[in-house]
Amino acid sequence: MADTNQNAGRPARVRLGMVGGGQGAFIGAVHRIAARMDDQFQLVAGAFSSDPDRGAASAAELGVDPSRSYADFAEMAKREARRKDGIEAVAIVTPNHMHVPVALEFLKRGIHVICDKPLSASLNDARKLVRASKGKDALFVLTHNYTGYPMIRQARAMIEAGELGEIRVVQVEYAQDWLAEPLEETQAVWRTDPEKTGLGGATGDIGTHAYNLASYVTGLRCEALAADLQAFVPGRRVDDNGHVLMRFEGGARGMLWCSQVAAGQENNLRLRVFGTRAGIEWSQEDPNYLRVGALGQPRYRLSRNGAATGPEAGRVSRIPAGHPEGYLEAFANIYAEAARAIIAHRDGSAPDAAVHFPGLQEGLEGMGFVDACVRSSKRNAAWIKPAF
Amino acid sequence: MADTNQNAGRPARVRLGMVGGGQGAFIGAVHRIAARMDDQFQLVAGAFSSDPDRGAASAAELGVDPSRSYADFAEMAKREARRKDGIEAVAIVTPNHMHVPVALEFLKRGIHVICDKPLSASLNDARKLVRASKGKDALFVLTHNYTGYPMIRQARAMIEAGELGEIRVVQVEYAQDWLAEPLEETQAVWRTDPEKTGLGGATGDIGTHAYNLASYVTGLRCEALAADLQAFVPGRRVDDNGHVLMRFEGGARGMLWCSQVAAGQENNLRLRVFGTRAGIEWSQEDPNYLRVGALGQPRYRLSRNGAATGPEAGRVSRIPAGHPEGYLEAFANIYAEAARAIIAHRDGSAPDAAVHFPGLQEGLEGMGFVDACVRSSKRNAAWIKPAF
Amino acid sequence: MADTNQNAGRPARVRLGMVGGGQGAFIGAVHRIAARMDDQFQLVAGAFSSDPDRGAASAAELGVDPSRSYADFAEMAKREARRKDGIEAVAIVTPNHMHVPVALEFLKRGIHVICDKPLSASLNDARKLVRASKGKDALFVLTHNYTGYPMIRQARAMIEAGELGEIRVVQVEYAQDWLAEPLEETQAVWRTDPEKTGLGGATGDIGTHAYNLASYVTGLRCEALAADLQAFVPGRRVDDNGHVLMRFEGGARGMLWCSQVAAGQENNLRLRVFGTRAGIEWSQEDPNYLRVGALGQPRYRLSRNGAATGPEAGRVSRIPAGHPEGYLEAFANIYAEAARAIIAHRDGSAPDAAVHFPGLQEGLEGMGFVDACVRSSKRNAAWIKPAF
Amino acid sequence: MADTNQNAGRPARVRLGMVGGGQGAFIGAVHRIAARMDDQFQLVAGAFSSDPDRGAASAAELGVDPSRSYADFAEMAKREARRKDGIEAVAIVTPNHMHVPVALEFLKRGIHVICDKPLSASLNDARKLVRASKGKDALFVLTHNYTGYPMIRQARAMIEAGELGEIRVVQVEYAQDWLAEPLEETQAVWRTDPEKTGLGGATGDIGTHAYNLASYVTGLRCEALAADLQAFVPGRRVDDNGHVLMRFEGGARGMLWCSQVAAGQENNLRLRVFGTRAGIEWSQEDPNYLRVGALGQPRYRLSRNGAATGPEAGRVSRIPAGHPEGYLEAFANIYAEAARAIIAHRDGSAPDAAVHFPGLQEGLEGMGFVDACVRSSKRNAAWIKPAF
């Protein structure tokens, strides 16, 4: 927040641009708060809207210099790349189908990309992006923000350390109700348009989160899935509920449920993993705790920054146990990891070994998951091997 | 508990016999407490064990007259049927494969049967029993005891009254961990022996409960299912974990998970149902409450005997809201319903219209469910129409 | 439930009478279920109501022989004492002010008493009973039923074993809302009449439970208290809310809150105890768990009959962990303890060392608590040493 | 975060300085995140530590220009007041005894103060500040941060609207365990030194939060209190546990418990308020929900930004229901309110009527609460009227 970025004591903030996220957009505001939380980014440019007036108004509201408010993302990429003080990274918060074309413009100019999920509207687009990014000297960060929750880091560390034994069963679900009634003409215009959101509706929007979370925590990839997708709301063109059986590498089995028509559910992302020795349970709506049940022991509850919670959670926590952190802090953790990587990249060094974030591979797997679900469901829930 | 059964003020207690349930058997003791709870039954005879000494010792411990302690259930059926004061009903609490042969002996003599679940060890046996019971003047009660919970009655009444709208999604699960390690030689001898438990392991033991509960509450039958069953514990001969996709009549879809290897889970039977207007959630481990989330309203919690909870729950509750009832009270509700029906049956009348309990049809559907799961899983989770 | 009580395998059931508990009375029905639960009692006589017709009708409904249905409790005591098969114990479930006169009639004839709480309507009455019972060869059991909960037994055992260290703080509360509005003329006639209920309203009815629970679990007695009592409902003649500061022997301090006007509360009896090493938390509305937080460890949850829960809880549990027990089972545990003591008493032996139940001393302490609260509150919350 | 503050679209960020909050200080970092969250502040100056080297290092780390890093807060006040671009507001995050002397230096120069709580180390100091601030044209914001939680705003609005009826009972508690063992020489040097923390230990540090929260939500002030304070840890010079009876204006009664020795408790601040019509319950460790129980209705749960939650909560929420916000967001809401007031103050206008924050009066009441607790406890829990 200081005028200068040049003090000896700290690296300069990362100069950030944004594509999308104009007035009224939910996720753009979230990205900006996340970027601000730890004071590692500085928003200096943007193509905030495809509507130039709205874009300019957004820029003004955000304190972005009018000369760096662009009507067109390609123009922005070109001109920012030429500036000495041009952006180092761009946050992409557009509808899904625009992620890839926007990302390509910036990546090819060596500008790092922080992109909202899912990676794309189609598996083909995702593959195209992966191919195009080969050899580019720019980072790609996909905001699978739930992997930023400290207790999710804790869960992953415990599984990696073998505390659960061999994984047998994975139960993951993400249930909402905001699309329980037709909102096609109002709040959910692009979210329910297969051209823009992609072939998966709930599967793409939240099923990818659930899949990513399960895979991130367990370290396992799904080898085959069988999906039964539904569009319950009359006239809906994409799925709004999905039931998926999963078989993971190594023999673990799982179920995934994603729904946007589950009346009474807000953002109920919940993960349970059971191994030969212990099981864990975590819920996004109560994210500061991880419940653990080990064979022959009473269940216990690990608390963020509390007793027996490990350094993997601690390094992404800001305040003491019992003071809840939430969604924005978890989202900010993805940005903080990105900042660490970008700052290290400035002089070609590597960030601390603990730094990690979801990227192109996770994005590709997410699109492979959606693609496999849609194909399986069309074939009456036949088993499909996701193409990763 | 009085010496006499002949007071004007109340009908005589139902004279009850028991097959199985000798010393050390868990479920026999539960049936006896359930029968005692509301003072409608009197245990007067039994063939408590296939081991005659253990049977006699059990009878003595239970205060059953030695002359009515039988070494053999067929003998018991014959002799009790001849007595003027012979048993009116028999509780069958043997291993699964004995349910049908025992039931047949009593039913054919007009003695009512109260039988533990599942109905049998095989679908064929179940069908045989259903055929044989045709035209018999005796009641058959299957102790799907979870349907005795007041808040389950409440949930069913709400759905029947249309408060949830049209049902879209059913999520049901029953997770335990008591078979997470091999107990084949100790606690789970017959439960893991396909000859005695049937082809389904977890599916038969607890999957049938989960399926029955979902069907009871929603009033819907499953038209097709796709099951992926596993036997995770090395050497196990029956499934110990099952993942099932379900399609219900009328278009609802569901998932069922049953597991006996879910480390840290005790008896986590949980049902969630979502309709076009509202969703509900209930858990056996916290059974005195029903959580309801209706579109556009704050979530609320109905409490047994509390405000806005209806008569269907009230008629099977004993104590005020805030004083928890549990598993035994719910089990006793099945016995209380049976007593009402048996007492009415004495003079050929019908019990109150509200009286109901699971019976042969539910038992048949349970075995159809297990059979379909096993067949589907063998065919790689192909869709199977359960044979009901 | 068998016709005969004389089998070798088990001691004969305790012959039980009841005073009070006629049709419509809540607590009488609870006592009867509790007595039946473990099949150790046989209800054979009663003076169920001060209204003879209602008494007779109740007897008929309960299957009690008309010749042993009495219009008068003194008559009942006299005649039952003369019978060879007369009652061995009487359950007293009358309004508070009748507890002592009824108990005296039976105790003096050597008939054991199982009495509802509080012990009396006044401290003087309580003292009179204690004096009168000296030298009588009869047991006195006071149904402070919450001490029958397995996890309360567990809590007590842990504290006795020093697992919490030295006790510092006790927080206990019992909150209801059933008297939030005037029910003086309908449901709460005697409960709000100081002649019948005693000088304490909420303090006598539920405050005594809270105090007893705290004292039972910690093993500590209150040395001084300061109480601020209120009668919030206009026209109420007894307190309906009480706030109490407590100082325990050994230096622990506590707070007690009892309320019958806490809108939205059902039977929220909750105890928390904190020592130098660990703290525990238990709630009657979720009674199958005990939460434990030890310094430097993650919080854990002991489950009835679950891992690491001790034999003190196990011996009063009936079913596996995860299958909830509730209020009636806890109440039945008091009856079961009473039965063990009564049966041992038959031949002058002592019951197992683990057997214990609340009795006259606890009753006296409860009345001392109420008396001290009332006196303290009248003196503007001055510190009072309860007279025990 | 932009270089310039001068865009038409938004008011310039508030230029902020900080006193205290150098490296390793917990609460300073919290204030900075809170200030950044909504991008309304710009940290441009500081006297971060009484140790000049640590102060300079902190400034460098925070990106504050070395020329505006001061070794002395009085010097800072003087020099910043002279600059055209000097700070508009100062955040005071020192130990308690320094709050007043620091605040006075800035207030007298017309620089707004955002001060951590409690207001001072003594009631006298608090009064001195209140007197000195009379007629000063500067705002004073006290970070009683829990009043920034959306559901606390909701609770207050409901009570103000009469939804609970007339308030009868207030139960509030704040329990921690971080001082359960002696930390006098390490983590809690100044917190346990009466010269620096003030006469109240737990009462000053967290009891003031609990009192403020109860008073803020109910709109009631305590007219008299009786306190029993303890210092359980051997050698401790200030209280570490306090039990307080309260009498509020209008007849409501309450209890307050604050403890820093409650083993197993993290930051358990919990408020329950009961009125003639309904009761509410809120917990800081689960802050996104408000539980409501109205007479004759099932309990319901209001969710931040969820159905039926009002605009008072909505205006201080950032993200949809089901995505948890936490401690930092609530803290940031105090800063956001401060920013609105400061920005309005620039041109002498008033902020929106909904804008409010704790200030000197609340600070004075907090110190009056501590003072009354300490005096009452010394007089054996005599009733004391807090001096506000």
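Chains here go by letter, A, B, C and D, matching the order in which they are written, and residues are numbered from 1 within each.
We take it that a contact is a pair of C-beta atoms (placed from the backbone, for glycine too) under 8 Å apart; a residue touches a chain by one contact, two chains touch by 3 or more.
By chain, UniProt protein names: A, B, C, D = Gfo/Idh/MocA family oxidoreductase.
These numbers come from a predicted model, not from an experiment.
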item	value
Interface residue overlap between copies chain A and chain C, same or different (over half shared)	same
Intercentroid distance (Cα basis), chain C paired with chain A, Å	56
Distance from chain C to chain B - Cα centre to Cα centre, in angstrom	34
Mean-CA-position distance for chain D and chain C (Å)	44
Numbers and ranges of chain B residues touching at least 2 other chains	265, 292, 299, 303, 306
Arrangement of touching chains [line / ring / star / complete / other]	complete
In the complex with chain B, residue positions of chain C that touch it	1-5, 7-10, 13, 16, 26, 29-30, 32-33, 35-39, 41-44, 57, 59-66, 176, 178, 265-268, 284-288, 303, 306, 318-329
Complex contacts: residues of chain A adjacent to chain C	292, 296-303, 306-309
Contact footprint of chain D on chain C as seen in their complex	164-165, 168-169, 171, 173, 177, 180-181, 226, 228, 230, 232, 241, 243, 245, 247, 253-255, 257, 259, 261-265, 274-281, 291-295, 299, 380-381, 383
